Amino acid sequence: MKMSPAASERYQPYALVAPTVAVLLSVAAYPVLATLWLSLHRLIIVFHDRRFVGLANYASLFGDGRFWSSLGNTCYFAGAAVPAELVLGLLLALLLDSAIRGRSALRAVVLLPWAAPTVISAKIWMYLFNPQSGPIGATVLHGVDWLGTPPYAMWAAILLDIWKTTPFVALLLLAGLQAIPTSVPEAAQVDGASTWRMLWQIKLPLIRRSIVVALLFRTLDAFRVFDSIYVLTQGGPANTTETLSIYTYKTLMKAGDFGYGSTLAVATFLSIVSISLLYLVALRSRIAERA
Amino acid sequence: MKRAANGLAAITVALLCLAPFAWQIFSSFQTELGRPSLRNYVAAFQGRPFGQIILNSLVVAAATAACCIAIGASAAFAIAKLEFKGGRALLGASLACSMFPPIATVSPLFLLLRRFGLQDELAGLILPYTTFALPLTIWVLTSFFREIPDELYSAAQVDGCTPFRAFRQIFLPLAGPGIATTAIMVFIFAWNEFIYALTFISSPEKRTIPVAISLFATGQKEPWHEIFAASTIVSVPLLIVTILFQRRIVSGLTAGAVKG
Amino acid sequence: MLAHRRRWLAAMSLLALGATACRDVGQADSRGQMRLVFKYQPLGPDPAPMRDLLADFERQHRNVEIATEQLPNDADSALQYFLTALEAGADFDVLVVDIIWVPMFARAGWIADLSQEFPAELIRGDFLAGAAEAAIVEGRVFAVPWYTDVGLLYYRTDLVPRAPRTYAELEQFAAEAHRKEPSVQGYLWQGRQYEGLVCNALEAIWGFGGTTETEQLRIDSPAARAGLGYLRSLLRGGVSPSSVQSASEEDSRRVFQSGKAVFMRNWPYAWNEAQAEDSPIRGRVGFAPLPTAKGEPGHGALGGWQLAVNARSPPARRAAATRLVAHLTSVQANLSLATAYGRRPARRAAYQDVSSLPSFDKALYPILQNARPRPLTPYYNLISDALQSEFSAAIVGIREPEQALRRAQQQINRLTAAVQ
């Protein structure tokens, strides 16, 4: 229940929000609007080809096989990585929340995969997957070159992402768990609640906001994934690990096609928007049920 | 029994997280042929102002985190606790900004920064970093403020507190865990960001760490061992910051604070 | 009142003078002092020789100060930076360009026409044929070759009798070496989906007698199908290990240098690494032109970088920038870069100098002369993208070479027709 401030203080919320709005409007709005505007043009900078074509780029999207396959790759990647990270992140957060020795050291150690530069981590994992000398590559699926063979290249990317980003989810959920007043689990224990019940019916609902935030932002980031996959495979072999971001990058920064590249960026944006709306609708109904 | 299981799980998790780095650290103390050597650590500082570069990254990351929290915390409080039009719209709009692939924003931002003379300035990095980390900041902090019971606010109102004061003196201190969490996330995002740092900064002494590391490869050879040494070196400040902040995450709400 | 006014005027004029004195960097002031900005990739771990080269220029031109700004070695990152900066109108003066970018940058109007200072006949006469052709677009010179590279075959002198001349010999020697030493792998090359794959594949296509006509951009030909089929057969037959499918130059070099392979296709830089003091294969490596189907020496893909002048560099600095380019591409500069950083000179004259050039570069000269550039067209980046994915598909076995080449040709036709 939100409180209404007194009439004289009605401006204060807007004052509190003003800096954020100012920053977003001045810095974020321009690139976003510029991208939207460019997506309505045909603009290949090397050839000085610039004309307004309206929605023609979007029409070409529908017939662009490479767009659909990169969208498919992105959905596959996000669909595998995000749920895994959420589940593992939750387990990790619960572990970090529990009373074990060396908890603070563990918390710092756990952040390392996520804190390390992506390029370095990707290089390390490239070694791990090396079919002749890597610990994973030479043992699991003996002799297959993970990064150079179609289904496995994507799995390698997914594994790297899970290793790298589960700490981020765990951190978010841990903060949520830490915010639960200690009186709640204590009361539940007095009532004789089992561990499972404690988790499922008491803790989870209390951190549902953190879960929503984690889910939203992880999906966002998974859909925009670029660095790790680019370093691992550059979208190969044969574009089988090419995600929307990699296709956008190649269109923008290699071919210099700023028109269609912007269209791809907007298409990525719209895909993410659709999925987020789906989440929010699904979760809202779930929450309404509970209430 | 549960303690033991948790302990075992903790060790497994720590191993899984650290194992890949074991190879990195191990290699960093070797020459390319497997002979032990500290040469890589020395080489990291030769021919480049590596200390300055680490400092640049620290400044940019810390400033970004500070700005994000300074700007975002007040907005999050307003959205979570005060009734006014546009709170939800702001959340949605900021989320929308986060949904854009960063690569599409590089060119327009480059033009924008040049127009305002911020090209090749660290401030020219802090500004876009803050902007694109604000959505996460606002969302996390809003969810935090929402957890804090409303009775606190109504109690403050009865005491004659303005929203400003309530925010500053009551809610901000209670949002410690949220702020610490956000600070770490934003810090790490700014610390590792590459595309903007590559495009907007050109002076060697103003470079940040990710770009500097990508500059280690001179010629076609990739000096892995040097790169690993450099990467290990830069993990140290990151670890320190993380350890400092994660203590703040620990201090959650106690029953006493809620009642008072 | 009047005195006050006079003082105010004086203050204002001082301010105005001060403001003009603090104009943007790079402009010549009343003393003629100017600042040139040179964007390049560091050539080696030791910055001293390059610094000396630039200091040399500053000594000869007392009014010029050179500011260097480094770019990452990764060509993709450098291209991304240039695309963004040049399109936005950045006005640095001298820049390095990859040999395949020149037609593209020239068409975009980003690099200046240097035909006046470096006439085409001069370029063709002074520099290696392939490098010179890559710098000339429609008869006008847009860049000056700085250093070159060519694809080579490396082989282990202790495991094979001599360099193989045909593909059949390559497989035969590799099999024999494997019998002698079961732990070694056969033939390492780069099959990852990136620019290096285009070099490897084109070399195989040329090895079957194919040509890549720039004007028509025909990639679907019998030779191309044979070339891709050959590469695929190397993997299927086990002559090349599966790691080749995701290997880049450094991956191949590391394995070869640790002694675990018989043959490697790579750039000349691998030689210095192989002959380094602590290299396990020191003294046991040889190099040769790539083998071909019929046995004539193969054409290696031409690599290397060139120097260009930014078209946006103001006329006041243009002359100095051009002189800097001339200085950096002079014979002396070529020789010092060869000894200090192991970069192959692009100037023919450098190879005639008996004493100063390292013997490796001298021995490399005939192979360099035989190097072939990749298609020289402003569309190169567009078609390279299509080629990379289709070549990768053929090599990994996702598609048959015929189908992959047909698809590649369709994409190339569509892309180049769309941009007219």
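Order of writing sets the chain letters: A, B and C. Residues in each chain are counted from 1.
As a working rule, a residue touches a chain if its C-beta (ideal position, glycine included) is under 8 Å from a C-beta of that chain, and two chains touch if they have at least 3 such contacts.
Keep in mind the model is a prediction, meaning the values are calculated, not measured.
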Graph of touching chains, which shape: line, ring, star, complete, other? complete
Higher-contact pair (C-beta pairs counted), A-C versus A-B: A-B
Using Cα averages as centroids, what's the distance between chain A and chain C in whole Å? 36
Provide the C-alpha centroid distance between chain A and chain B, rounded to the nearest whole angstrom. 16
Chain C: positions in contact with at least two other chains: 80, 84, 87
Residues of chain A whose C-beta touches two or more other chains: 252-253
If I count partner chains per residue in chain B, which residues reach a count of at least 2? 107, 214
Applying the document's contact rule, which stretches of chain B touch chain C when the two form their complex? 31-33, 35, 43, 46-47, 106-107, 110-111, 114, 195, 198-199, 202-204, 211, 214-215, 217-223
In the complex, chain B residues that touch chain A: 2-3, 6-7, 9-10, 13-14, 16-18, 20-21, 23-24, 70-72, 74-75, 77-79, 81-84, 86-87, 90, 93-105, 107-109, 112, 127-128, 130-132, 134, 136, 138-140, 143-144, 146-147, 150, 153-154, 157, 162-164, 167, 177-178, 180-181, 184-185, 188, 191-192, 194, 209-210, 213-214, 224, 227-228, 231, 234-235, 238-239, 242-243, 246-247, 249-255, 258
Within their complex, state which residues of chain A touch chain B. 1-5, 9-10, 12-17, 19-21, 23-24, 27-28, 30-32, 34-35, 92, 95, 98-102, 104, 106-121, 123-125, 127-128, 163, 167-168, 171-172, 174-176, 178-183, 195, 209-210, 212-213, 216-217, 220, 223-224, 226-227, 244-245, 248-249, 252-253, 258, 261-262, 265, 268-269, 272-273, 276
With touch defined as at the start, can you tell me which chain C residues reach chain A in the complex? 76, 79-80, 83-84, 87, 104-105, 107-109, 185, 191-194, 241-247, 255, 260, 378, 381-382, 384-385, 388-390, 392-393, 395-396, 398-399, 419
For the complex, give me every residue of chain A touching chain C. 44-49, 126, 130-132, 143-150, 153, 233-240, 250, 252-256
